[in-house]
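Two complexes, one shared chain (chain A), two partners (chain B, chain C).
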Partner chain A sequence: MASGNRSQSAQGLTLIAPPLGYALLVMAAPLLTILAYSFLKDGYLTVIREFTLDNYRAVWTDPIVRTVMLRSLGVAALVTLVTVVLAFPVAYFLSFVVSPSKKSMWLFLITIPFWTSYLIRVFLWKVILGYNGVVNSGLKTLGIIEQPLSFLLYNINSMVITLAHAYAPFAILPIFIALEKIDRSLLEAGRDLGESRAMTFWRVTLPLAMPGVVAASLIVFIPTIGDYVTPALIGGGKIPMIANLIQSQMLDLDNRPLGSALAVTAMLIVAVFSLIFVAMNRRFLKVRQ
Partner chain B sequence: MTTSSSTAAHRARTAAARPMIECRAIQKHYGDYHALRGIDLTIRAGEFFSLLGPSGCGKTTLLRTIAGFEDIQSGVILIDGQDMEGVPANSRPTNMVFQSYAIFPHLTVAENVGFGLRRDPRSKAEKAAAVEEALEMVGLKGYGKRASHALSGGQRQRVALARALILKPKVLLLDEPLSALDRKMREQMQVELIKLQRQVGITFVLVTHDQEEALVMSDRIAVMFDGQIAQLDGPEALYARPTSRRVANFIGVMNFLPAHVLGDTPNGVEVEVPGFGRVEIPSANVSHSDPGDAGPQVGFRPEAVSMVGAGQVAQGRITEGVIDEVVYYGDMTYYDVRLDGSASFDGKARPVRIAMRNVFGREVQDVGTRAKVSWSPGSLVLFR
Partner chain C sequence: MKGGGLRAYAICYLLFLYAPIVLLPIFAFNSGTIIAFPLKGFTTQWFLQMFENASMRRALGNSLTIAVCSSIFATCLGVFAARASTRFEFPAKGPIMGLIMLPLVLPEIIVSISLLVVLLSLGVQLNILTVILGHTLICMPYATVILTTAFNSLDRSLEEAAYDLGETKWSAFRLVILPLVMPGIISSLLMSFTISLDEFIIAFFLAGNEPTLPTYIYSQLRFPKQIPMIMALGTVLVLMSIILLTIAEYFRRRGIAKTGAKDTGGFL
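The block that comes next holds the complex of A and B.
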């Protein structure tokens, strides 16, 4: 039996060896490089191979870094909130209203935004929200405004709109799956035991959909913290997020050790948040078999 | 059975009780499908009532219309004299035990049982005591803190019962509550449900496709086919005097033989049955045939006739035949017997099934031996 298990696990290892090797090469190696850089000294255009904690000291005491990091967390939290709140009704509609035979078609429709690249979609939001964009010229034509609205673009609101749109399908799918798993007789039981539709939703549907909501939050939150394109284009570069700060340290100022320390710090903060989410999800998942 | 002594008294009491559920001319369509075709039904207070029928007969639909989960196209449902039209499920004086039990997986046993008490004005401590009392009633005392997903099928069923009964509904609706349990557990729960029903005095309406379950548990049974009630009677009457061939065929096993009706007599109907000869069927045993039946038929239960061993004195009339098949069940043996002259009707041999209890000292007969079958006209039912 034991030998059978061993040969089976050996077989498994052989099977995953190529992707594992690839992952080590393209993920672990750069990560380790960044980690190593973050403890080295910066010489202009070079990296001096001498151990130091100065980079971390600089990152953790710099008020600009703190501001930008907090802004990244804030924007990511806001995007997550907006995305999940908007995705929930869509997922609910898909699961409870759409007839079973049409569900796959609806899921297919939801993936349509992915047919164009993320960069192009971000550019399109610029076209929509810009000074002479679709919204402004439309409102002007209708005579509602005389001067174009300037608060549409180059601020946090526009970044939230863009990111929430970009990550919507990632939030809809896990919530949809969680809703699909809910035994419909549980909802009838809620009604049967005297609760209205709204209270049944609150006491039965929502708690049982929480694993999906937590998963959706995680999937939206993590990549938006590190998003680079949207702050650069929609934020107009004036409201940088942590990724933009790392980029400017690494490339513009050529301070790779400091950039690396920033990157490692950001990664640690994301890791802490992810672990909180995972712990939450474990609590919610415990109720399922 | 321990409950049998009080059963007669209970049935006499409920027979005179006020109507609890009244259904009048209920029609229900799902698109082109006509699910309920004019249901008229009165269920009395305190009754253990069963809706019995094959799958797709509309029994679950009827239960769900009473619960308020399905709308009806026409007709009236009254519960305790109140018209239920426009009354949503959450405002009806009914509670349901679902087929899947529908135990909330995110709540503990106590939270499940106390789910319906949210708007109850009692204090938290009083509600907790009520939950504990309900759990005790179904034999789950001390299970309150357990996670509901860790329960066995039988325990889930008990939680579902406690959760419904704690609200003291006027009617408890049970949708095939025992179908997910194994045989031993099912038989145990049948007895427990009867006891529980007598104890709380609430009207129970059970949906089942299991005729045995319905016979064991119910005070009265409505047998449904194709969205209509075919017969509404007590268990004994339903088994002994089915009013149509379809009901007879659905409840238990019944042998059917074609018959020629010779004419009415003062006490019944005289018929000619292949193998049995001329028989006068008492008028109490005359029932209806169903659309699609080929002519009148005579039926009898396998245990309503018996085989006479060598040297035994026969009672009633005797017909001889040859044993075609023997099925041994331990406590019972089923014999398929080809009666002499049974092919005289149209040349087709129609073996009849005879059930014999295996008492000590009685040998099981072999295939091919001749058998004497003893019967009386009172054990035959005519479907004309």
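The block that comes next holds the complex of A and C.
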């Protein structure tokens, strides 16, 4: 079967070549270019082909970069926590309570808002939370407040609400899939052995659902930290996150090497945090193998 | 009823998810010029204003062109990836598939900025073609996922039967496999179309001076006078997305029913 295997791999490789080639050309090559740029010198409006670590030195010592990076991490962590904690009961409900025939309908309902324009959803939160927005005008009409509440918009809280809303379905699906995979007889066994409902959940269901929780956390954390629209609209441009900083270095200031170093640093930090997070939960992820 | 508390919670959660979207039509038909309560009266002037707006129509044209092209390209690439990964074993399969799926988790700002830098240094003129390039990339993983489900539920013996009956590889693919995965292909096309239509970041960076619907909306947000019209435009966009998704879901389910597999539900 050696020749059969070889022709199998040859056929497989031929088939995979177009999408692979596309990913290499349009994604991998630009990413490597960014990586290369980050080690080059910036001339005014050009890039000087000379190796340097100055960009990284500048990025890692700049207090503004540090503030923005910590803010991005903090916002992303908070959003992840809120999203996953709020999503878990919904995923649990979908998996354990909803009858199988209605599951697709529930999932469909949950995913629809996710597929509608992200920009419009973010903008709507601005409309809702704004100084003369829906919440304030609504409360004023009802006579509950006299002056508009000013703490609703242009701060971290409103960014967290917006992002948590935007990424909610992202968190539900992986947890739901993990819960669906749990062998229901294990739960019965837990109960038969005299565990209470809560203890069965704590000692059987939750550990088995952890791979889904970890996946959900990463799937929310990674895009959130690179979010551009929410800080620009909801933060009013005054509380930038890392994406806004990269954009302004790359385009407004046209310092591509520094912008590249910033992008690479951001990706490194995200990768390191993700790996630490996965390592912390290794115990749970092993269960399945 | 079993899980009553959980059900109540899930319903509240759905309300939270839908609350902002429900506001769109409410204010799109409200005659007041500011987006606030109390509502003034019923009007369709914002929709009329929207259809009369020339730059809006240009943005719509661009968006449709981009979405049609990107969804076709992404689905074609997805067919290759799904067929290869479900039917063949080949070296470095895991890493290769990982790379193809990577745009799913990579922050879009990184994808678009790096692509932008390369395009600019190559001296490429930014226009809707460059947006198509980017949108095809981000739609490809979604297309691959949908199509992998479709190809996975194929019964290998059908294909073998076709070979035994004298069909060539290509004719077996065309006559047996393609019709069976057709619902998956349609679902993938609609899904990619929707993603491309709604995508903002890549269009924002790679479109040059060509507006798409989301970048047009973004450019208008600074002008309070334009907001009611944007609400009308948003209503139309969201409605289009929901219709497209419903059709996509219909085809996805039909595809599953066709091959006799069990419905696991959901898009991902």
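Everything below uses one rule, namely that the second predicted complex is superposed on the first by the 279 of 289 C-alpha atoms of A that agree within 3 Å, B and C clash if a C-alpha of one lies under 4 Å from a C-alpha of the other, contacts with A are read in each partner's own complex, and residues count from 1 in each chain.
Note that in this section contacts are C-beta pairs under 8 Å (C-beta built on N, C-alpha and C of every residue); 3 or more make two chains touch, one makes a residue touch a chain.
Keep in mind the model is a prediction, meaning the values are calculated, not measured.
Once the two structures are superposed, chain B and chain C can be ranked by residues of chain A touched, with C on top.
Of the two partner chains placed by superposition, only chain C is touched by A:I219; chain B is not. By the document's definition of touching, neither partner reaches A:T61: not chain B, not chain C. Of the two partner chains placed by the overlay, only chain C lies in contact with A:F108; chain B stays clear of it.
In the superposition on chain A, contact is made by A:L94 with chain C only, not with chain B. When the two structures are aligned on the shared chain, A:Q147 is found in touch with neither chain B nor chain C.
Shared-chain residue A:E188: touches chain B; no touch with chain C. Shared contact residues of chain A with chain B and chain C: none. Interface of chain A with chain B (complex): residues 183, 185-186, 188-196, 199, 203-204, 207-208, 284, 286-289.
Chain B contributes residues 67, 69, 88-91, 94-96, 98-100, 102, 104-106, 115-116, 118-119, 147, 149, 163-164, 167 to its touches with chain A in the complex. Remark: chain A residues 5, 8-13, 15-20, 22-24, 26-31, 33-34, 37, 47, 86, 89-90, 92-94, 96-97, 103-104, 106-113, 115-121, 123-125, 127-128, 130, 132-134, 136-138, 140-141, 165, 168-169, 173, 176, 180, 218-219, 222-223, 225-229, 233, 243, 246-247, 250, 256, 259-260, 263, 266-267, 270 touch chain C in the complex. On chain C, the positions that touch chain A within their shared complex are 2-3, 6-7, 9-10, 13-14, 16-21, 23-24, 27, 34-38, 76-78, 80-81, 83-85, 87-91, 93, 96, 99-100, 102-103, 105-111, 113-118, 121, 133-134, 136-137, 140, 144, 191, 194-195, 197-198, 200-201, 214, 217-218, 221, 227, 230, 234, 237-238, 241-242, 245, 249, 253, 263-268.
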